[in-house]
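Given below, in the form of structure tokens, are the structures.
What follows is a pair of complexes built around chain A, which joins chain B in one and chain C in the other.
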Partner chain A sequence: MRKNHRLNQISVGTETIFHVIVGLFSICCIIPFIFVIVISFTAESSIREIGYSFIPRAWSTGTYTYAIQRLPQIWRSYFNSILITVIGTALSTLMCALYSYALFRPDFKYRGFFTFFSFFTMIFGGGLVPTYVICTQVLGLRENYAALIVPLLVSPFNIIIMRTFFKSSVPLELIEAATIDGSGEYSTFFMVVLPIAKPGLATIALLNALAYWNDWYLSLLYIKQNKVLQPLQALLMELQNNVEYLNRMSAALGSSAIQEAMRAPTQTLRMVLVVLIVIPIACAYPFFQRYIVSGLTIGSVKG
Partner chain B sequence: MKKIVSLLLALVMFAGVFAFTNTASAEEPVTLKIWFHGSNVSPEASKKVLDELNVYLNEKIGAKLDVIWGTWGDFDTAVVTALAGGDNVDMYFTCNWSADEYNKYARDGYWVKLDDLLPQYGADLLATIPEGIWECAKTNGYDGMGIYAVPALKDTATQNCWDVNGTLLAELGYDVDAICAKGLDYYSPEFEEMLQKAKDLKASQGVNDFYPLCVEPMVLERLVNVTSIVTGDLGSGNVLSYYYDKEHPAKDIGSKIVNKFSTPEFEKYAARTYELAQKGFISPSIQNVATSNDYRTACQNSGEYLISTQSYAYGCEIDFSKARGIDVRMVPASAPYMDSTSGQGAMMAISTVSKNPEKALQFLNLLNTDPYVMTTLNYGLEGFTFNKNADGTITWIEENRATYSPWRNGMGNVRILPPTADEGVNYWKDFAEYYNSAEALPYGSFIFDSSEVETEGAAIANVFAEYAFGLCSGATDPAAVLAEFLQKLEAAGINEFVAAANEQLAKYAG
Partner chain C sequence: MKNKRSRQGDASLAPNWFQRNKKVLALLTMVSPTAIWLLLLRYLPIGGIVLAFKSYKIFPRDPTFWNNLIHSKWVGLKNFEFIFKTDQALVAIRNTILYNIVFIILGAIIPVAFAIMMNEFTKKFVAKAYQTMMFFPYFLSWVVVSYFLNAFIDAQYGVLPAAQAAAGKDVISWYTTTKPWPLIIIFANLWKNVGYSTVLYLAAITGIDASQYEAAAIDGASKWQQIRYVTLPHLRTMISILLILNVGKIFAADFGLFYNVPMQSGALFPVTQVIDTYIYRVFITTGNISQSSAAGLLQNVIGFVCIMLANAVVKRIDPESTLF
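Up next, the complex of A and B:
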């Protein structure tokens, strides 16, 4: 008789196959990133000679030194990205929780209308230009931090996730009990419901944090003059797009394009920026992961 | 009584408000917002330069400037959104290759027609820019045929050159000056021999993946076949060609607009290119659309090539030699010519949204005729980005210049700028001479309006994307695919497309 017979045990062979598959998949995910790190430490001369390679002919930390010393905007952009991500994530998660809580409560009279109101935008968007006009001319969202935060505040997709999460994990009886015990609407929401919904909140918060951290499009549209407000992603996209654009337009621009391209940052510098961008968000993952895993399993345990 | 008093008081207040606003608008300078392309300017540097420039502009025309320094990467997306959204911008950079394409946006009513305003607000400008360039700027806009933007007086001609690595050529034992003076013949055995020698030399040095012919395929085709692009044909991927005379582009050789791929010249070109590629002279990276430009630029910059192609700009070989650390020679394949494509390479248009189009034109007038305004906006401030030398040239203060580098050719009349020390005292004089000598093509500044054959254009573009690059770069054998390609083009409506272009050309020629 076998000892320690686990409930969900599978045969060793199957387990090995699964491990191999998952392992290969993980390697596929991690290799590009390792490649980027290697390139960022590659000397420019080596890239010119043999192109990108895992084993460059010469190593160099010169580009990092250059980026850190000569590009003061990097640090400012770092600050911008962090500020936007922190404020944006906090606000958007709060708004999402508030909105979806109202939709979750069956005693809310206009539930159907507001569900449709948010759901509708998932199918029919206003389009780029009307959105742009509303943001810049009506809301004054240009050349300021608000322009980088407000447009991403409400995500109907997240609202639906959160509402479903409330439905599956918060029993209505609990809210009734709280009301009977004399808890007001706000204290019920903040003291009773939210603590139960923590895994869901964490999922939403992570999605929002990623959206804010990775966004560069808002900056492209709304930050044209006050470029010190550019987040890190926008800075990288701009450098990258400049190079691509000049390459694409070289026939139209003639030698002008080549002269301009000489001023563009080197390939290693672009990789350095990628590394600088990825590190903070990679650090945030383990922090949220605990909640996401528990969020995934919580429903199944309940049955 | 009370009522009358309060009514009077209200009237006085109203009058006061009116009086106040009136005086205010008379004294306040008008703010003109302008959007440039391809800039690399930090906000601090921009403020520093504009603060000083605006004092001058206020004195001269009672206006101050607010600049959006568009970059290469963000210009297209941002400008299209802003134009569609009716942003409060007075002047935009436009041209025939950016997303706010001059001819299309003129047709759609985004640019102010300048014909009536120019004599009054831009008299100097009208006189400064040569008639031929104004002719190129004429387009069929929403308000009839006319000028909808101020063309920049910059490198206004096109000349296709062979870009030759003189250092390597000398290493192979050739007399570089003699070869360059004689010119290169793509179909000659000597041409092939040169490439072979270079490949052998590199192989003997242990470099096995050296590809001596490092070209931009679409440019190579125009260079070898002596054809020009037809302005306005961007939508189809530039399927149209116009053959011109090699030595005297203005000479009428009875050309018509043709389907580039249907000519015997093209067949010969494609066969030759395929042959050279088969012998290992053209890198597979060049033949791949995705990597072609990146790879070519990298090879050129590191001097890892023997022969390349270049759309010439006056004096570029000096810059290239310096940057690449080799002796770069430009060998003309044909004489420089002028057409709308080069004439519309960079322009400034006044937006129909602008509340002060007259002031905007006054500013453009000043920008193109007043050396102080052009120098300050383009180069920055003396003592900040550059120092003046005794002979009238300037020397950069590199550190600050790096934070203030607009795209020089993207603003307007560059010929009133001071030359840099590297360029030498006579640079702009020679520059003007070179470009003024360029002849206009026989069809003048014809612009093809492809809007009536838009469906065919889109279908052609799809077929074009499938075959054209492979044939032009020698990746595919014309014997195998050219017939199939032409057949597909025909099915996509190439005949109607070419006919429409020629019909318009006949109408244009009158």
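Up next, the complex of A and C:
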């Protein structure tokens, strides 16, 4: 058996070619991140002389200290990002679990209707502008934290994944048994069903956290004046065409010495921001890999 | 008297309406937060489509949204005319379709090829390491990716302009030269998404029963024949479903990719403008709610038809795998 398995292999030469192809692409996928880390630690003088380089002439942590000490907007934006991610993830995960649980129950009378109700929004919608007008003018979602949280609360795709999770992991007999024992619907849900569906919950929570942490679109649409509410991603986006933006923002927030701000290390500053955004993702990456792969493979099998 | 007592007795014994419907009421409260959200943030905007057929004007006496809407004049299809008056919209439509065709083809071939190659690696931990590396970009936002790219092609400090200068060639101004951008956009999209699809295909391949390969090997099938006759048939449904669903989305573009990666450079619009960014920019620059709603409606209706057609095709090939 073992011998047979070894025989049934591609030749060493072919495998080497495969390694080169896949390996090169894989390295390509992380090189830019490493490069940006290097740039963020490069001294401004080195950048002015030789530009961005993997081997800078001089290293410096100056931009980090500058960013942390002189630019309060970065702290504020970090706080915004974390706040939005924590509240958004908690609410959206709970809502998704409750909704998908009801859709998973075969004895729920209106199951078909609510399945269609969420599913239809995946294939047709009002479009950008009607949604924008309704959100800002009818629902009051503008220039506030709610505008950065509410529009991302529900994802029909996540509902499908979660419902499939319930289907594959929660036996209906268990719910019946709990009901016979006198457990109410909500206590059955929280005490019996959710503990079993933990891996599914983790997948949904991670997908939601990622969506909130990476979001810049909502602030592009809904935060036009009250820019202190911007999360990190939106701040970084403003810097695409306007490297002085952050210094002006921080001056407006009450940071001392505007003149000093004008001499700020603008080039490396953008890369410092990129690193600050990616570090939490990189830290959570092992969880992402573990739960999202299993979650998406289960979810992609339509239930 | 007797009658009344017996009715009371009935009421205490037989459950009332609430008790009888306890279960369905509890389940209804469970769906209600999401259902209300869908109603307000998805279905109400669908009602907002009427904007596309009106000439939206502020109602001066009491300018609330509903008043504005009611007092705006119906103009029929007039809002749709502007779309065909300039070639901007046509360029955006052309770009959207062409990019999507390339994304669909390469986005199917490359991940399947990678997954098949990685499945053959003798050292499994190497395959695992590659997988970890190539899945990483999927977790980044397009804003972050735009700076990753910027480090290489920035006009002042980028690596590529510096290399061009060092080699004595003409230095391209990357953010204003359209020529390389179709390739850059395609590469950026593959860079970000290939890892994700590869991981999904790899999971599907590892799920194939090993005895099938053994049986094929005993029958004298070469490795290539095993891929051809065992692996690919197993992936066929998954590939075709994803292909067809993506064809259904051919009129929708990834806003973040086309908005952020070119760093919003106007000089690049001929090759980076897609329907989604076009609608957004029409809305931002003209502020014309009715016309941009009309453009969005056109996109959504065509998109809806495409998805329905795609789904009908899937239904014919494999009724089990339809979207709905």
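The rule we apply is simple: the second predicted complex is superposed on the first by the 229 of 303 C-alpha atoms of A that agree within 3 Å, B and C clash if a C-alpha of one lies under 4 Å from a C-alpha of the other, contacts with A are read in each partner's own complex, and residues count from 1 in each chain.
As a working rule, contacts are C-beta pairs under 8 Å (C-beta built on N, C-alpha and C of every residue); 3 or more make two chains touch, one makes a residue touch a chain.
These numbers come from a predicted model, not from an experiment.
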(request) Tell me which partner A:Gln225 touches in the superposition: chain B (first), chain C (second), both or neither. (result) first
(request) Report for A:Gln240: first if it touches chain B alone, second if chain C alone, otherwise both or neither. (result) both
(request) With the two complexes superposed on chain A, say which partner A:Ser168 touches: chain B (first), chain C (second), both, or neither. (result) neither
(request) Going by the touch definition up top, name the partner, chain B or chain C, that contacts more of chain A. (result) C
(message) Applying the document's definition of touch, where does A:Leu128 land relative to chain B and chain C: first, second, both, or neither?
(response) both
(message) Applying the document's definition of touch, where does A:Thr16 land relative to chain B and chain C: first, second, both, or neither?
(response) neither
(message) On the A-aligned overlay, A:Thr61 touches which partner chain: chain B = first, chain C = second, or both, or neither?
(response) neither
(request) Considering only touches as defined above, state whether A:Ser26 meets chain B (first), chain C (second), both or neither. (result) second
(request) Using the touch definition from the top, say if A:Phe119 reaches chain B (first), chain C (second), both or neither. (result) second
(message) Contact-wise, after the overlay, does A:Leu139 reach chain B, chain C, both or neither (first, second, both, neither)?
(response) second
(request) Please identify the positions on chain A that touch both chain B and chain C, taking each partner from its own complex. (result) 128-129, 132-133, 137, 237, 240-241
(request) Please name which positions on chain B make contact with chain A in the complex. (result) 38, 40, 42-43, 66-78, 81-82, 84-87, 96-97, 155, 158, 216, 218-219, 293-294, 297-298, 300-302, 304, 310-313, 316, 319-320, 323, 345, 405, 407, 409
(request) Sort out for me which residues of chain A touch chain B in the complex. (result) 48, 73, 128-129, 132-133, 136-137, 220-221, 224-228, 237-256, 258-263
(message) Can you tell me which positions in chain C touch chain A when the two form their complex?
(response) 22-24, 26-28, 30-31, 33-35, 37-38, 40-49, 51, 64-65, 114, 117-118, 120-122, 126, 129-130, 132-137, 139-141, 143-144, 146-152, 154, 156-159, 161-162, 191, 194-195, 199-200, 203-204, 213-214, 217, 223, 226, 238, 255-256, 260, 263-264, 276, 279-280, 283, 289, 292-293, 296-297, 299-300, 303-304, 307-308, 321, 323-324
(request) Mind listing the chain A positions that touch chain C in their complex? (result) 4, 7-10, 15, 18-19, 21-23, 25-30, 32-33, 35-36, 39, 47, 50-53, 95-96, 98-99, 101-103, 105, 107-110, 114, 117-119, 121, 123-135, 137-139, 150-151, 153-154, 159, 184-186, 189, 210, 214-217, 233, 236-237, 240-241, 267, 270-271, 274, 277-278, 281, 285, 288-289, 293, 296-297, 300, 302
